[in-house]
Every structure is written in structure tokens, then in C-alpha cells.
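Both of the next two complexes hold chain A, though its partner changes from chain B to chain C.
Up next, the complex of A and B:
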């Protein structure tokens, strides 16, 4: 007999009601929405007895469910975007979202850069579109409750097709400007065709003081010989409960680099599901997380080497201050046929105060017999000898600490090739350290 | 002028300095020699302000200021500089970034304006050339992958840029070949001035051929047991420290 858990918490009941009342109004995909929600409802919000959510109990985190945000007026959207700061100094094609809804007026569809096409997802879902077949590229992602919720409620987003090299970065800018708490569910689909290349920037900002509940999914299908650079910045407001998923399917002889920089939200969980489907591909997934106060930041990662001769590098750096809690869960899967896989995963945490915590769970699941895989996890404090050395040269203690923290996080940022982006990320780290001092 | 009076220091219940007295006058180069374990490095760390040591008694005054009441960075701003026996590697911190942060921190502590970037680079280039430090070294992370000689030259570069009034050289000669010893010594000699004092800690007389001291102190069991002129170093080189060990036993 199936073990069915009845929905119990007020938040779970509210989600059922929200889905029931929204399902007819949500654009298209009625069947897959219903399926996804049914799967979600079977188990409800994941809690600490669910292994993948042991360290991030969403049943406890969701005390109540915020109403889903409506489409902002043109003026509201304009005002919200005017106040956006994340990576604002970087020259890029702006693809903005306000309160989870694509701001199409901000994109000049007739003068898009070469090799790029953008289709608003809302219309595509409502009216049908060929590219929708690319949605949900990672089969096992649909078992994930956070992903299921996004599939159930996804209301807006864009689909982007990259047909060749795109010169300027594409900046997916998410701003939630509502004064009271709202929930959002956006879906981005990026299809990068064989031999094409693109830099994707993704920033998330929201107003402080409101319990916003964004749940964003970015899906990437990168063909053979593609090169995709992805930089994500979580600069959410101080009360936000921010859930996000990157689902990437990458072909052969390709390069995909992704980094998530966490500087915001009360509770955040970023999930990366990556599947390598062709040989000789290089994957890098990095994280740089800064937590203070009572923040909780979770980085969850599953990389499947679905083809032989691929290399993956995962480097997650977490700085934890105050009474904050960091989580890293990473898993590399190497099936029987993925011989000559070279995978290295490392999570390092720096604990700055007595009361903070870090949970590290690196895993390897290897079925092939001719591979090189390694994982490591460290938790430590700032090196007293290094601090003394810097102070003996005249740096006050806080400044010495900042320099060492910057150096620690810097290793995760090094691979970012776009100098303006890397400098902006270093600026984010400096800003965080200044606020601390 | 540095004055140390009756300094008693222990680490993890082990007494290292036992009522040490020492005066180094302005412009003086004082050498401290002594066998392993006599407390030479402890003395240098205690003057610079390392936390691990417990000062049970005594005082250290630099130009009348009580160093023991100050944090290491305040001591640096007051003019103390310790050239480490083993300079630390700091991955991820470029040498130039570090030098600028250190110089500006001290200027700020003294109420001076921060250096402009061109002014900073000009100063570094001038000091680096004299110590045969190339641009490539300055671009790398501080001391990471540096040879023993390169690390010591980097210490002297910092000394030259920070212009301290009281410099401690803790076994700066260890790990140096003859050429590196010459470069480092010339760097130090160039900094000798009537306003600057040096405390040169070494095991061997070799360094003192290059950096000729005004006074030589012999340290044993946490105390200065003999003081003399530069000829005392030659005497020690000939006879070793046996005399002092015996006097302790007797």
C-alpha cells in the first residue's frame, strides 16, 4: 500500500487551495501542472526526515504561503527596475522580471543582438510553442518537491534560443518590489545550439522586510561544442525564503561554468541538477556563500556524468558569521559506462563566530571502474597565525579578517572570465564584509 | 628607544623569559645571539604582540609607550616591525594588495592620507629594484611559491616601505644562500639611520659580518647573560655557547 502522508500544516493546506484556485487561470500545461502538484501533494513540504532536506526543513520554514504576485503595471515595473543594483555596472542585454513577471516592454524584440531569440513564456504556454518540448530536460528533477512546485505554479518567464556566439552577456534580472510578501514561480528555458556560446547573468533582488517566496527554475539545454558561462547572484531581501533550481543538460565537447553567489535572503536553497550527455565536456559548478545573523543558506548539487571522458569541478566556499547556518550537499554520479570520468568536488567553510554552523555532505556514487573522483569538505576558522602576520603589518583585526575572507571566497570567483562581472562579484563580497565590520 | 624591564613570559605553563632586561637606543643596531631554545624568537613575538604568550611580569616601552597594552596593529603603527623567521604564505592575497593595505592602514592609524595609486606604485618599484624583486613576484599571491630567499627579501621590502622605527630581524639569515644574504643585508643597511633601531636575532656570526652591530647580547635561559661590542660575536663563534651553559649549571 502506498504510504500517503496527509497534508497537515497550514502552509500545505494553503498550497492546495492556491493551486485549486489558480489552476484554471495559469497559462497552459494543465496536465503537467496537475501531475507535478499531485506528486508534490503526496509527500507535502519536505522536512528533516526527508534525506535531501535533512538540513533545510521546508515544512518548518514555510509558516504560511504568500499570495502569488500579479502582473505589475508598466509604471510599477519601471520603478522597480530603476532601483535594481545587482551587476548594474555590467554592459549586458537586459531581460528583466518584476514580481516574477517578464517585463516585455524593456526588451526591444526587433533589435536583439545577433544569434539570439527570446520568446515570452506566458504566451508560449497559453498558445503552444515548439520549444516547450525542451522543458524539464532532467528526468530526475521532477522528483524534487521544489521543482514540482515551480512546475505547478509557473506563471511567467522566457525561452531563449542561442544559435551562435552572442557577444554581450544576457542579464536575467529578477526584482521583487512588492511591499508585502508575494510568491513567484518563474521558469527560464535557454537552448544553446551546437557550437554556440553565451554568458548568462542572473540576479535576484527583493524588498527587505517582506517574507517573499520566490521559486525560480532556470533550464539549460546546451548542445555539443557549446560554451556557456553562468553567474547567479542572490541579493534577495532580508526576510525572503528563496528557492531556486538550475537544471542543465550539456552535450559533448562543451564547456559549462556556473557560479551562485549568495549574499541575501533569510533562508535560501539553490539546487543544481546537471547531466552531461556527451564526451569530453568540462563542467564547473561553484558557489560563494556569505551568511550572517540567523540566515540559512543551502547549496545542493547533483551532477550526473552521463557520458565517458568528462571532467567536472565543483568548488563551494561558505563563510558563516553570527548564528547563521550553511549547508552543502553535493553528489557526483558516475554510471557504469562513464569511464575516464574526472570529478573533483570540494566544499570549504569558514566559521567566523562561536554560534554559527555548517553542514557538509559530499557524496560520490560511482559504478564505473576506471575513473578519478575525489571529494573533500572542510570547516575551519581563520588562521590565527595569518591574522597575526597581517596585524603585525598594521592591519586592524577586522581588516585583516576581511582580507582573509576575501581571499577565501576569491578562489571560487577566479574562473569568471568577464572582468566587469568578476569585479562586481568582488564588490559584492566587499560590501558584505563592510556591513560586517 | 626600546626598554624592556624584567620581562617574564610563559607559554602553556612553560616559562620562556625569566626577567629579561634590554635597552636598545635610537639608531643602535643590537644583536642577540644565543643557543636554540634560549627564548630569542619568543622575545621577538612578545614585542610584536602575538597572542599565544602570557606576560607575567615586566614592561616593554617604545619611546615611552607601553607596547604590552597595545594590539599588534597598534604596535606596528607605533613603529614596531618584525621580519619573520618564517614569513607566512597567504593564498588569494596579491602581494601588491597586501602592501597597499598595510601601508594605508598604518597611515590611517597615524592620521595621514591614504597613498594614491601612482605614488604607491612608485614607492614599491623603487624599493623593489634595490632588493632585486621583480614585477612577477609582486603580482603573485603573498609569499606563495616564493623561495626562502624571496620570502626574506619580501620581508625587507615591507620594512623599507613601512619605514618603522624599531625593526626586529628574527633569524633573517636562516635559509639564505650567500647571494641572498648579501642582498638582504644591503637592504637592511640601507635602512640604518639615526632614527631607527634594530634588534638582530641570529645563531651565527655570519650575518653580523654583513650587518655590523653596535652591541651584542648573549641570551640564555630567557635572560641576557652578557653584553659587549661586535667582537663578542667573534668570541662566541670561536668558543660556542658552552661557557654560558656551564655557568648556568654551576
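Up next, the complex of A and C:
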């Protein structure tokens, strides 16, 4: 209730203390940090009475707040990266982060590929770099409490500028390798200039057994006629509480494709906020989520068609096993002027075991009268007929199930153009299914 | 694709400035003192000659209500309601409890004549086949002024009377079921209603009885500064069937009037209830002045095995609508259905939908909702479909279309789909072929496109119920049904 001051939870109190003690040590942006934190603290950790967090109660999820991770030594970073596996078979420009801190020794700044520029965020923040003006590109998205926490605590990251076509993918590799739980807050800003193109890979791994609390934000500003492919893999450790946000502002006649593959973390929430600002842009946001045990996986999406004649396709596939819970919340906003919008959002969930659950909330908010928007949501078991068909041909039940699940998730992965990446993603699915069998 | 001209014309024909029922009736009324207090509740209870337990029930609700906050989650905005600036009871001064139609104030009879509501049984009989007859309970502000065909219904064992009368005559039945579907503490408006409800209909269909005629209640708000708080309770005992219709209108006024009703349906084993509403409260003028705030809690409980509850609503009136007729599918194999057409014009705001709560095994539900927004209105579909852990084999099919006419209005869809059972199969607009493959096949074989066939079948469903509507406004409802949703935005 609005006029009743709620008692702060221990986690909220800890966050206030953490901010108080860290604010002077954190690099730059003191004012915007303080503003963001003040706004966050006003409402506290979002809980189930807050509509956007109805299905993912962060007040309950955060029993305690892990200490923010310090900068790892060169040896520690090296050891951590040596153990990283996600998308390791894909040839790419490596931009690694260990415990939330950019490992600058791993990047050869003098021999960067053509058309790309990388600036370490820590220094940029400390020195007040020009590009910082591009941070928080979508005002309404920055009102999100998870985003606000990142803005308050962001300690490191990189800013990348893409000026033309970049041939090899850029791999942002996040590894958290601490024995006990740590929190991280990294921020990535990618500015893709008019006509440029790039493939961004993002992988997140952390050690099992520790309640790590990463909170990453990737901001993308893609100009007119750009082409950006984005693939994200969540392979966090089994106890992690992983929060992440992608905020993308995309210009006209551009193509932006993004997929998030979830195969890890105890609790995860990936938020995508997209704003289309120019005409004839093509947006695709997909998700492939695999949950088992008592995992909780939330995919939240808000797409604003800020310009007419754009097309967006959203396809989210969730496989839920054991006693896990899947969440999909999607919203397409079409303002008055965005005529001829074509938006289609679909969420499909497969429930494999008796005890699992799925919550779907596909929303439309439409103010223009000449548009096509559709949303669909299904959830159910594997098709008995299909299972029978496969088993009649001699496949054991588990194998038949695996095949069907693979086909089900495969639809969301299909659009990934880079073959090595797509195969690695299929490998992730196969690995998950193998562990299940 | 924008809306087709035919649809635009049809929607225009029911625009807010075309409201036909806006006249006022001059009747001398007796009112409770303005405002809400324990004394006012005692006054209402005494006027109704209620037993002590009922008064206590009301007072408990009132105490609870004082601790509650008005909900703000719906996508509607309005100035704060001053709950102490409303008359909670208004009844015709001359003979508030008429024994027969001859005793009813002729002005009131004229009102119903104007509205096209048949209150005289012999008039109804003339030229109408017996099976198309409709029994009417006419509620005028806070009291029921007439209930027709009571005797004939009683012969079949059907109880159909104002709820205030039922509290006196069948206290045990009322006590057993009142508040068992919508608890007193359910929500802000339901609790308010529990404290101050004045009239409404009570229906009981005994086991194995198919109600010999349609039942209906016609609600009319007439007096200034009043609110209408009706309460309807329908119980279909084992193996029985009833179809119930509800209509509502109000005079044109610059003020906003509150209508906070509670409707509870209970279907026991193998019983079926069809509940249809044609909601045509005054919608306010083109600038958004006046109009009814329609904040209603309607819920059906499929308590028995194989029971069926169907909600059908045609919504064209009210300045603000906040209403979610729901089904609790408790009995195994029970079925819930919701068919809705909500048309908003002018400055109207609609936030409506349904909840299908699957608790029992093999329960099925179907939601077909069409929202049409024109003018500067906002039209939101908000729905919940949920399967609980024990709802093995639950199935739902949902289809909600919305259509915008002009670019100053908004159409929104907010579905919540929650499954806690792996065997539950929920589909939300995923495919249209699930409506009925046989029927689709039949239509398509005869050359209709898939879309045409779907429209035909969906309309056929709704029409089925609406064709039986009495009263003049049935024509309007029919017109609405035929609106094509070509250009639907999803």
C-alpha cells in the first residue's frame, strides 16, 4: 500500500549500506549513480505485487546480498578464463571479463580488427569519456529497478564503437570464478554507426555452488541501415541469481536479431527492452530456455514500435522439467503514429514433468488502427502421438523425448546465421538433454 | 488493415450520443440519508425487513471495507469517488413493496414500457410461443418493483424472486450460498456491495429441473446521486438447467453514478447455467461527462461434476467498466465459457475479461472475446487462465481479437496464463482450428475461407444465446454480433 512505509528487508538494508560504502570508490558518474539508487531505494526490491515482477519476486529471491567482487589479479583472471567453455569453438575477437572486471591484458588494442574501437569502461567512467553520453539510451527502460541497480553499482565493462562491417564475431565472455558468492555489475555499451554490421556473442559462466549475483546490462545503439546479430548464452553456475538486461535502440531500415539461451542459474531473469526509432526496421528477439530441478527462468520483453512500417518477431521457447518454473512476459507497444506495424509474439512452453509450472503473459498495447499485431501462447506436454510414432520406430522414451525437445527449441535457434555459433547452441541443448537422460 | 466501412457505420450507430435510454422518470423517491455509515446499513436492512444475521453480515462487511483500499491496477482512470456523497438506498415512495402490478406506480410502469420490457404476463403471452416467454424481475434503483411468472415458475419448483424476499422466505438457502463464491472480503467493490446491497434476483432451480422459461432481470438506475448495488445469486441444483438474462440502462446525466454489483452462480453436479448480459448503462457524453461507473464482480462456481457455466456479455454502455465474469472449475469434467463483445466509443474506458480457474480434473474452458475501440476510448482485455496442481487434463482455448477505429483510441490485451500442471493444455490464440475441427471442415468444404468459417462459428456461438434475448435491445446486440472483425489487430 502506497502510504505505508514497508520495513526494508535485510537484503535491501544491505544494498543501501553497500551503496553508501562503495559510492566514493566507484568510478565516475556520481550523480547519475546517486539518482538511480535513490529511485531504486524508494521502491526497494521489486516483489510480486509489482506488476512487472509478479512472477519473479526479487524480494524473496534476494535473501542476502553478496559482496561486490574486487578486481582479480592477472593470474586469477588467466586461470578463470582457461576454464571457460561457452562457445569456445567459435573463432571470435575475445573481450573477457572476470568477476565483472574487464581483462584488458587479453585484448590486443594495437591489432584490433578493422572498424572496431574498444574503450574500457572503468577508465572511461573515471575520465568522463565523451561516449558516456550514450549510456541509458531508452529513458523508460532505465526506470526498471534491475537497471537502476546496475546504474548505481556499475564498476566496469567496455564501450564498443563499430564504424563499418566487422568480419569476425565479438565475444563478450563473462566468467565469475570465486569460491564464495560475489555480486557483479557490468555495463556494456555498443554503438553501431550507420551502415555498419557486427555479430555480438555474449556468454555468462560462473562457478557452481556459490550464490553469485551478476547484474549485467548491455546497451546497444544501432544506427540506420545497420545489421546486428546478438547471441547470448546463460551458462551460470547452479546457485547463481542472474539478472540481465538488453536495451536496444534501433534506427531505420536496420536489422537486429537477438537470442538468449538459458541453460544455467538457480534463478534468472533476462529483460529485453527494444525501441525502434526508424521506419522499415526488422527486429527479431528469440529465447530458448531450458529449466530443470527447482530452477526459475524469466524472460521479459518490451518492444516499442516507435516508428511506422516496422516488423518485429518474437519467439520464446521454454522447456520446463522437474519442479522448475518458467516465466514469459512480453509486451508490444504500438503508439498512434506507428501505422503499418507488423508485430508477432509467440511463447510456447513444454512441460515435461508433473511438478513444473509455466506463467505466460503476452501483452499488446495498441494505439494505431492500421497495424497487424498478434500474440500467441501455448503450454502443454509433449505430443503423445509424436512420442508414440518415434517409440514405435524403436527409440527409447527418453531419446524420443530428447528428439522432440530438440526440434521444439530448434525453431528458436534457426535464424542464427553463423553456423559455428548455431552448432554450438544446438550443442548446448544436446548437453542439457544428455544430463537429463 | 483498417476497419471496414460497414463496421465503422455499425459502431457509429451506437456511439455515445446515440444513447436511447437516457430519459428520466419523475417518481417521488424515499432515500436513505446521504453517505455511508452503520446507521445507513441498519436503515437498509430494516427497510428490507431482514433478520439479525443478515444485518450482522452487512456490518461485518462494512467494517472490513473501511480497512480496504480501492484497487488501482486496472487500466482506467477516474476522479476519486466520494463514497459519502452517494445515496445508498432509493425506493419509490408510493408503495415500495407492491403486491401486484396494479399497485406499482404507473410512472414506473411507463418507464418499463418505454424500455420495451414486458411486465404484464398477459401482454407477453399474446402472440408469443410459450417456450419463448421470459420471466422478468424489474429492479428500479434499490428495489424490485415486479417479478413476473412467479406462480408458474413455482409450479416447476423454481424459485425466482428479489433477493430481499428470498432472505426472508428462504433464509437457509441464502445463508448456505450467499458469499460462498464471492467472499465478503473478495475485493473492495464486492465488500462494499456486501455491506449495502439493496436488491437483485435470487434463483434456485431444484434437482433435475429444466427451467421452463428464460429468467431475466432488468436493472434501471433512475434517481440522481444514487448508486446501485445489486446482488444476484443463482443456484442450479444437480442436473438442472437455467438461462438467465440481464439488462441495464440509466438516464443521461452529467454526474457519474456508481454501480457495484455482485453476481454469484453455483452449478452443482451435471447442472448448467447460462448467464447473458446486455450492458447498456449510460456511457457519458462525447466529452466524457457523466456515465455509469460499472464496477462489478461476477463469478460462477462449477462446484459439481460435469457442470457448465457460460457467460455471454455484450458491453456497450458505462463510462468505465471494470468487470471479469469468471469461472471456478472445481468439479471434475466441468466446463466454463466466456463470450464477450465489448464496444467502446466516446471517452469510455473498458477493462474487462475473465478468469478461468481450473481446479478439477479434465476441466475445459473457452474464451472468445472481441473488443472494438472507437472515438477516444480505451478497451482492455484482461484475462487469467490458470491450472492448479491437481487439474490434470485441463484444457483452455482463448481467442481475443481487438479492433481499433481511428487512431485516438487504444486496444490492449493483458492475458495471464499460469499452468502448474504438465498435462494441462492451454492455447492462447495459437490456432483457430481448435474451435471445432468438424465445423471448420464443414464450412471450408462449402467454400468458406478459414477466416470466414471461424467468424461464422464464433458468431454462431454467441448468436445462439443472444437470439433468445427479450427486450428491444436484442436488436442492438444482434447488430453487434454481425460486426465483422476484419482488420482485427490481434
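Everything below uses one rule, namely that the second predicted complex is superposed on the first by the 430 of 437 C-alpha atoms of A that agree within 3 Å, B and C clash if a C-alpha of one lies under 4 Å from a C-alpha of the other, contacts with A are read in each partner's own complex, and residues count from 1 in each chain.
As a convention for this text, contacts are C-beta pairs under 8 Å (C-beta built on N, C-alpha and C of every residue); 3 or more make two chains touch, one makes a residue touch a chain.
The structure displayed is predicted, hence computed values, not measured ones.
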So if we stack both complexes on chain A, do chain B and chain C clash, or do they fit?
fit
Touching A:360, do we find chain B (first), chain C (second), both, or neither?
second
In the overlaid three-chain picture, which partner chain does A:380 touch, first (chain B) or second (chain C), both, or neither?
second
Quick check on the superposed pair: does A:372 touch chain B, chain C, both, or neither? Answer first, second, both or neither.
second
With both structures fitted on chain A, tell me whether chain B or chain C touches more of chain A's residues.
C
Thinking of the overlay built on chain A, is A:351 touched by chain B (first), by chain C (second), by both, or by neither?
second
Would you check which partner chain A:81 touches, where first means chain B only, second means chain C only, and both and neither mean what they say?
neither
Touching A:22, do we find chain B (first), chain C (second), both, or neither?
neither
Quick one: minimum Cα-Cα distance, chain B versus chain C, in the superposed arrangement, integer Å.
15
Where chain B and chain C land on the same part of chain A: residues none
Residues of chain A that touch chain C when the two form their complex
1, 51, 336, 339, 346, 348-349, 351-381
Which chain B residues qualify as touching chain A in the complex?
48-51, 71-73, 75-77, 80-82, 84, 87-88, 90-93, 97-98, 101-103, 105-106, 109, 141, 158, 162
Going by the contact rule at the top, pick out the chain C residues touching chain A in the complex.
1-3, 69, 73, 389, 402, 404-430, 487, 489-490
Give the list of chain A residues in touch with chain B in this complex.
384-386, 388-397, 399-400, 403-404, 406-408, 410-411
